[in-house]
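I'd like to ask you about the structure that follows.
Chain IDs A, B and C follow the sequence of writing; residue 1 opens each chain.
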Amino acid sequence: MDLGTFLVQCLNAVQYGLLLFLVASGLTLIFGIMGVINLAHGSFYMIGAYLAFSLAPLFGDRFIVMLLAGVVLTALLGYVLEWAFFSYLYQRDHLQQVLMTYGLILVFEELRSILVGNDVHGVPLPAWLGGSFALGDLMSYPWYRIFASLACVVVALGLYYVVNRTRLGMMIRAGASNRDMVRGLGIDIRRLYRIVFAAGVALGALAGMIAAPMSSVYPNMGASVLIICFVVVVIGGIGSITGALVAALLVGFVDTFGKVFFAELSGVGIYVLMAIILIWRPEGLMGRKT
Amino acid sequence: MTALLSVQSLTRRFGGLVAVSDVTLDLHRGEVHAVIGTNGAGKSTLINMLSGEIEASAGQIRLDGQDITRRSQALRARSGVGRSYQRTTIFPEFTVHENCRLAAQAANPRPWAFWQDARSCASSNAAADEALQAAGLAEVARRVAGALSHGAKRQLEVAMCLATRPRVLLLDEPLAGMGAEETDRMLALLQRLKASHAILLVEHDMDAVFRIADRITVMVNGAVIASGDPASIRDNPQVRTAYLGEEH
Amino acid sequence: MSAVLAPMPVETNRMNRIFSTLLPIGCAALLAVAGPMLGAYGTDFVVKVMILSIFALSLQLLVGMTGLVSLGHAAFYGIGAYATVLASGKEGGSIAWLLPLAMASAAGYALVVGALSLRTRGVYFIMVTLAFAQMAFFVFHDTGLGGGSDGIYMYVRPVLGALDMENRLTQFYVVLAALVFTYGLLALIGRSRFGAALAGIRVNEQRMRAAGFPVYGYKLAAFVIAGALAGLAGFLLAARDGVVNPELLSWHNSGDVLLMIILGGLGHLRGAVIGAVVFTVLKEVLSTQAFVGPLADHWQLTLGLAIIAFVALLPKGIIGLAARLSPRAA
């Protein structure tokens, strides 16, 4: 493998990993704070992607504005969804949560089918984000993938800032470790949960929007990303967003280079990675030993 | 008399925090050895290390001369170390008798005999009957465990411990949440059990401790500050200032 | 750790016990007699439901009896089916070795998956089992092992002496026998020491460890047995359909079977069977225009809403509902 190809694959691995982190962070946030396992999280990714497909013609060149609009819309959706549905899941056991969110996936899939159909769609890129730059003598790399990686980094930094440096973040961290105490401090835990949930949905959907021009928009995209997200969370560790980042990048590399070297069995690579982690450190790379 | 359970320099670190530091104590058959201390003194960590729920960072635990420091909790239980919990860990939906019978089954598990009815297992039934008799719960054997009073549940917790016919009993706050009458009954039970077991008692109820204990070890901030018979502990100036000061 | 699931009923009532032993036997006898009279469509439908019942029963052991919520059970079902087809080759084979092979293949994968997954708890266990099932799915979907996404056909159905699984009536009785075997085995396990230990692990794992049970070993044993029985269901499916495809291992399938045991009633063997029947009927009804008109095309929507409503309103399933409605004292 020459240097150019190697660099391209590395960039791909990082970009894929960062995108996975975006989705996984939404999942970890919701699970870490509210203790709800949400199988429908992949659906938010799908919704984001289809949203990008629907909004692209309206926003044209103003891609970043479109992303922001998407974030606002999906956060709103998340807020309503938490109030109407998810808030009822907190008291239920994991099995019921799994099945109810499984039902939700079916509902989302069918609604998407009714509203937008089952076709595969491409999402066009505005001119300023299109094109590639040269990498070495033979290869070129699309500008959009760099943009995607940067966007994920910006969001990750934003997330870090909010969780670690703001009052809201402090309440989130407190709520994660001691729900009752937070309640006792007079913080409206229900509104906190609603905000966190909305953020989780928006993160997942944003990832879908960013991914859409690269992977196109197709019916089962939610399911595949969900399962990989689970793998990331398991590898990264219990309750750790940093762990999710490390794990996501690891998965990105294993998957990307796996595809290069073991074309047929590439899909299996990340599960083998997960198996290794389970043998060596079952609580995850950065998880706390319970 | 050699100790049944001998603990030497037991230490547990959580990252930079030393929860239990260099604890040495002995449990002898026929004795109740109480461990007292304020909250955060390391008593729970200590008992968790003795039962095998968490690993020791350093030190040794010997059962009848054998080193059990690296043994799993289940293996220690089968070797004769029984444990009761502060938060009741009974099976609320089974009957009182089934609670004990199931615990006793661990000694003679025979999982491959799938055609046999578990409830007809002679050895576990016998052990359960004995344990219930010893704990004074024989009359309520057929009742659903969840329906018992709090005090009776705590007694069942101890009975389940006994069902595995242990030699050492590690009791974690068995008197938690009990009223005066229930406390008397539990102490009477411990008095009866003392003869044939080595008992470690972690407790907050000072009156009860001084009534039943033969030896008392006092822990503060993870370390032992005093250990001896109740009278000497009561008179120990360090103990008085560190712990008993406000009460006595 | 996952929350306490619906408990196994403490059947102190003697009438209750007689009823729950006689009812399944009666149903089996009824089916045995009615077999030849059912006609082509009827036999087909009943065989399909019986196979799903075995699949659901195998999961009941894991979820209902041991309290381990697995979202990857379809992997063992699919592996049993694929093993049957692949081992049949061009000449077919005898049930005598194909059946054990299917079960052993499924059990083998269950051993590996179980050994690793059981190092986690609660939600992580759910995620890991799902992931390992997905891994198996990819192996059959992407590699040349199976026929890829199209699946593979079986050339010759399994036989045993005069019995040929090609014959519809033979299929019926073989599957019925397998169902009776599975049900009976699980009933025996349920009341055995092993079953009692599993129940204890489900209710309070910590206490079981403190009593001296090697909890990991018990859970792994349950996991492998459940996998083997799912492999049995897979064998029967392959023998019935003559074709297998990767969708058998999909997480939709894992979700569906989980739904079946909730639908029927968690923790009860007959709940698994009832759930399999109700789910199959429900899916049929929701996708048939004769019943729901234009909604039939959007059966995913109606099914999804039905699932949500059902789990929300009747978490104890149909058996739970029946218990609430009956005036019988507990």
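Before moving on, here are some points about what is shown:
Note that in this section a residue touches a chain if its C-beta (ideal position, glycine included) is under 8 Å from a C-beta of that chain, and two chains touch if they have at least 3 such contacts.
On a predicted model such as this, the values are computed, not experimentally measured, just so you know.
Contact topology of the protein chains: linear, an open path with no closing contact. Among the chain pairings, A-C comes first (most C-beta pairs in contact).
Taking each chain's centre as the average of its CA atoms, chain A and chain C sit 32 Å apart. If you average the CA atoms of chain A and of chain B, the two centres end up 47 Å from each other. Chain B and chain C, compared by their mean Cα positions, are separated by 42 Å. Contacts from chain B toward chain C in the complex involve residues 51, 72-75, 77-78, 82-83, 85, 89-95, 98, 102-107, 109-119, 121, 144, 160-161, 163-164.
Within the complex formed with chain A, the chain C residues making contact are 2-5, 63, 69, 71, 116-117, 119-124, 126-128, 130-132, 134-135, 138-139, 141-144, 251, 255, 258-259, 262, 266, 298, 300-301, 303-308, 311-312, 315.
Residues 31, 37, 39, 88, 92-96, 98-100, 102-107, 109-111, 113-114, 223, 227, 230-231, 233-234, 238, 264-268, 271-272, 274-275, 278-279, 282, 290 of chain A are the ones that touch chain C when the two sit in their complex.
Those residues of chain C that touch chain B in the shared complex are 7-8, 10, 185, 188-189, 191-197, 199-200, 203-204, 206-215, 218, 221.
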